[in-house]
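Below is one structure, written out as structure tokens, with a few remarks after it.
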Amino acid sequence: MANEPTDTAEPTEGSPAHDGHDHYWYHGDKAAITRRLKRIEGQIRGIQRMVDDDQYCIDILTQISASTKGLQAVALNLLEGHLAHCVAEAQTSGDPTAAEAKVKEASDAVARLLRT
Amino acid sequence: MANEPTDTAEPTEGSPAHDGHDHYWYHGDKAAITRRLKRIEGQIRGIQRMVDDDQYCIDILTQISASTKGLQAVALNLLEGHLAHCVAEAQTSGDPTAAEAKVKEASDAVARLLRT
Amino acid sequence: MANEPTDTAEPTEGSPAHDGHDHYWYHGDKAAITRRLKRIEGQIRGIQRMVDDDQYCIDILTQISASTKGLQAVALNLLEGHLAHCVAEAQTSGDPTAAEAKVKEASDAVARLLRT
Amino acid sequence: MANEPTDTAEPTEGSPAHDGHDHYWYHGDKAAITRRLKRIEGQIRGIQRMVDDDQYCIDILTQISASTKGLQAVALNLLEGHLAHCVAEAQTSGDPTAAEAKVKEASDAVARLLRT
């Protein structure tokens, strides 16, 4: 899982998309993440066709498990990059409150993933 | 685990795709299931746009959790119908081997859902 | 969701604890289920020792994952038996309301397992 | 979830338990973590009694879900502390390889939790 930092332009402070987050680390991974999401989108459409064609429920459940697994792989990829970049940046910033908030936020995101 | 696509809208009795399964119970729920899957498909496309727009990882993770939850709701809906129809049919058929196989198959499907 | 403890070893037919459920199917599996639960109990105690000995968090997390997996295996075992016995009994009883209630109950139990 | 760093003795370098990890952050939380694990251990013993007393499978499944949820809460607590201390320490150490390894390790631990 390569989360190599991007070498493309750092967005300027105050740009609309920026809002204080350094969330551009995944620029480099964008193509890969998008490819995976496109594949998952295709799987969801495939599941719709299976339902449409009255296919066997267990086979549909198997496909749903596969799509869920795919989504979790994307989530883990994003989480790893987030820890390596956004959380790391907060932790090296010398602002303990910001660092703590980032860790809490990441840990809450993991809690949401676990609860699904 | 045969997930072979069928291009027939309604396999005739005894057609290879039918293979003895009464998996048409969800005919009545089809519209609802399809609507939910369409919404999930839209969410996945939304996630692609979020990645494209360099949105904040944590927000993307939140959307992934929501899509996963949506997929699990569809899975639970299908499972409930499967137990109420396909498994019930096997259990009232008087063929204990068939009934046992159906229960094992449903329980394996739950195991796959849990492991994702 | 009645979890009332019963202190009788074997409730007599019609005793309040029996309440019409044929939940004795796992009598035969009891030794195996109990052995697994004892092993999990031992793992939990092992985790306590790891915390006590200041062991590395990641190693503790690995043990927690193993215990969770163990609990899910017990749950799947119980679920499979429940479908094969209690749900089947309701479905062959000729009482569609009872059968539907059992399926709903089993499916809700799966939902709770998925959400943990 | 208070993961306040401990002010108790930092273990000396080279102590047998140390092995290069700064995993003592949870010293301060130890009492709370241990209390939770003791409660989970009690729940597991309660489940054994439920099986022993032939209680209803669905009620047992409900208890298993509760124990699993308890274990996940402990895991999230440990993970949060781990990110706030061990991972942060690696990230501020100025050794990018060590930092990357810690992030990968944490993210793999989350993957294991998700897969259970």
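Going in written order, the chains are labelled A, B, C and D, and every chain counts its residues from 1.
Everything below uses one rule, namely that contacts are C-beta pairs under 8 Å (C-beta built on N, C-alpha and C of every residue); 3 or more make two chains touch, one makes a residue touch a chain.
In this text, all values refer to a predicted model and were calculated from it rather than measured experimentally.
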item	value
Most widely separated chain from subunit C, with each centre as the mean of CA atoms	A
Chain pair, A-B or B-C, that carries the greater number of C-beta contacts	A-B
Approximate Å spacing (C-alpha centroids) for the pair subunit B, subunit D	34
Centroid spacing, where centroids are CA-atom means, of subunit B and subunit C in whole angstrom	24
Junction residues of subunit A, two or more chains touched	72, 79, 106, 113, 115-116
Footprint of subunit C on subunit D - complex, ascending	11, 17, 19, 21, 23-24, 26-27, 30, 33-34, 37-38, 40-41, 44-45, 47-65, 67-69, 71-72, 74-75, 78-79, 81-82, 86, 105-106, 109, 112-113, 115-116
Subunit D residues within the subunit A interface of the complex	1, 72, 76, 79-80, 83-84, 87-88, 91-92, 99-100, 103-104, 106-107, 110-111, 113-114
